[in-house]
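Mind having a look at this structure? Questions to follow.
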């Protein structure tokens, strides 16, 4: 897999250690244009295609309810494989709910249900007979607040998912190491895998949770405001990780931080009051949106 | 002075001075409740010391260890070694825990995680109703209804599994097992209630994380709930144990009150609490016997104190949450 | 449908789904198992207890005769009511007093922590040990001129009720927001008025609930009464002499291998359980009216 200069942190090698200062990187200044992300993805995608699990996700007429109250109304959206799609919108617009419908976590809330179709490479995840357990293995989720299992070590946290699928012994250890490397955490924790997962810093915990999600080898990764509980340095690391993960997965990221969307996402969708107002290439959404409401939001008139 | 409820500012003199008489009720209240609390402490200490004092008669005769660990409780010969009582207490409590705790934890899990919302409250009330039935009623019910009902099944079990130690042989009507069973029913509400409370403090984050990894409901319980609740469940079980050890009336009705160590769980037996209730009448005229019963009460008291101490340790551990995170050395990467 | 070749979704081992189903069944069955005893107890209480109920049952005293008419349980009912009432009169003021100390004055101080610890210890003490305490100190000494007496039974019950009332009291009193206290103090009210006019009334429903639960507990206890008020001898209502009570009456009748006595025991048991149910239901109703919980 080709290494991009911008994404040189895969093994965490030059970035461990000294209180969080990052080595200088040429094109990766703090205020990036989305153009970089788009060009990077097209350059990498062909090389990555053979190596990747990524699948296409389509939402058709998706609506979600809490009891009788609709939180998401009739959304049509596509998440192309090997791309990062951001969903932005003001608080309460339904973006988290939408994303939780994709891995069918929404229905875990008592009284909540969803209607419509969620297609994974054409197969409807809401069809009758579909096992939600299988859905959640195919569609992974990283939560807003890092939540490693408190009673488990770093190793056990990552191993939790594969263990459920019956993976043991050598292949389990291999998978744990592989995913920790993939999450950019291996170098930092390889000597202390038996220590409790909650002993890590916030940013490390979140990367641990990402590793945990990767360990079940999903095809789509949902991220619900993954950096909102982290400081800027940790956020940066996670964003770099996302850029790297894009080559192997389809990524959907919910964020209230528009700059973040600009930095990591190929496409962006804007939601308001449960409705999908507009979606398209990130660049366009931020510089030349079609809908006036989108323009108002991205220019900060409300939100 | 205090008409209308509040001290009105005084007359022409200093408006801020409270007439000294008005301070009196405050002082009385404060000292009153403080002394009351101190009195309670003194009372408990006094009772404890009196217990010890009254036990000295029998301790002088047989020694403290002799009394507690000699296997010979014979009223007729005025010999009082309490081992059969201690063993009986332990056996019945162990049976109570073995049956009661898993059922209580399972019930707590079912109510908090699996049952439909609308049944949660009624189910909780029903389980708590078990605690409203007094001990003597459980004793009556078990004696009249359960003992005859279970006897054939017990005999079948004893015959079929006689190769397991402590199982074979003739099944007595009242026996250790029935006592343990009744105790299990009696400790169920409290163990279940505490377990339910502990489980409801599991952060939803962790449950969601497990589900999002593609775990089934049971796997989620196994991964996120049970490990987190371990300390709390242990505390609940210890509290149940404390209750089982001290339970008197139901046990004395169904255990047979035989001052021997039975050879199987289906033999008649005795416990520390049961002996006090049962032999009290005849001990009235025999000071040594009376002292023996009081000493049995002392042993019982100390035992429950110990168990409750351990229980509290676990519950405090549970409240603190599983493993507090280590402090990270500065400079560690993000 | 999943895991079939051609499906996009990964296969889920059927073993896992089976285990999930089995465990759900196990947990559900265990819950049913937990409820079965309650159902059975209620069933038998009604079936056998109602049969014993009659006017006679409630209006005559136990005759103490083994053969022939055993009599009713009048003295037992009245005895329970009298002894529990006296115990309540002792335990509730003291219990609330200690709770007031803990919440209003002691708070987190050293002494308060010790008191709290001791009260906690008391909740774990078996009821028979309380009976023993009273026996050693009051009965043996023949205090009050008699050996066994109803009021001594009340003393033992009061010891039992005390930690319950104190615990519940402490919880409820500390639920009263400090802002209320401060508002009253800021108006110039002395501490004692704040406690009696503001704090206690606000906490009243919770205090009543705690009291009712303690009463329900005490009403059902046998062990503390066996050697303080003794069993059955008395048909009197004099608290200064041996006194009967429902639990003691039941206990005495169970052991006898006489059908009519056992039948009376069931009737008495039904009466006792109904009394306790009424108290706990009342407690629940009152607690729902509390503005604090």
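A few remarks follow.
All chains are identified by letter, namely A, B and C, in their written order; residue positions are counted from 1 within each chain.
Keep this in mind: a residue touches a chain if its C-beta (ideal position, glycine included) is under 8 Å from a C-beta of that chain, and two chains touch if they have at least 3 such contacts.
Since the structure is predicted, the reported quantities are computational estimates derived from the model, not experimental observations.
Chain pair with the most C-beta contact pairs: B-C. Ranked by how close its C-alpha mean sits to the mean of all protein C-alpha atoms, the top chain is B.
Chain centres were defined as the mean of their Cα atoms; on that basis the chain farthest from chain C turns out to be A. Computed centre separation for the pair chain A/chain C is 55 angstrom, with centres defined by C-alpha atoms.
Computed centre separation for the pair chain B/chain C is 15 angstrom, with centres defined by C-alpha atoms.
Measuring from the averaged C-alpha position of chain A to that of chain B gives a distance of 49 Å.
Counting partner chains per residue, chain A shows two or more touched chains at residues 133-135, 137, 164-165. Multi-chain contact residues of chain B (touching two or more other chains): 214, 216, 219. Counting partners per residue, chain C has 12, 16-17 as the residues that reach two or more other chains. Contact residues of chain C toward chain B in the complex are 12, 16-17, 19-20, 23-24, 26-28, 30-31, 33-35, 37-38, 40-41, 44-45, 48, 94, 97-98, 100-102, 104-106, 111-112, 114-115, 118-122, 124-129, 132-133, 136-137, 140, 162, 187-193, 195, 197, 216, 219-223, 226-227, 247, 250-251, 254-255, 262, 265-266, 269, 272-273, 276-277, 280.
Of all residues in chain A, only 55, 120-123, 125, 127, 129-131, 133-135, 137-138, 164-166, 217, 219 touch chain C in the complex they form.
Taken together, the chain A residues at the contact with chain B in this complex read 12, 15-20, 103, 105, 108, 110, 133-137, 140-141, 143, 145, 147-152, 160-161, 164-165, 188, 195-196, 198-201, 203-204, 209, 212-213, 216, 231, 233-234, 237. Interface residues of chain C, counted against chain A in their complex, comprise 1-3, 7-13, 16-17. Listing the residues of chain B that touch chain A in their complex gives 117, 203, 205-206, 208-216, 219, 223-224, 227-228, 230, 321-323, 325-326, 328, 330-334.
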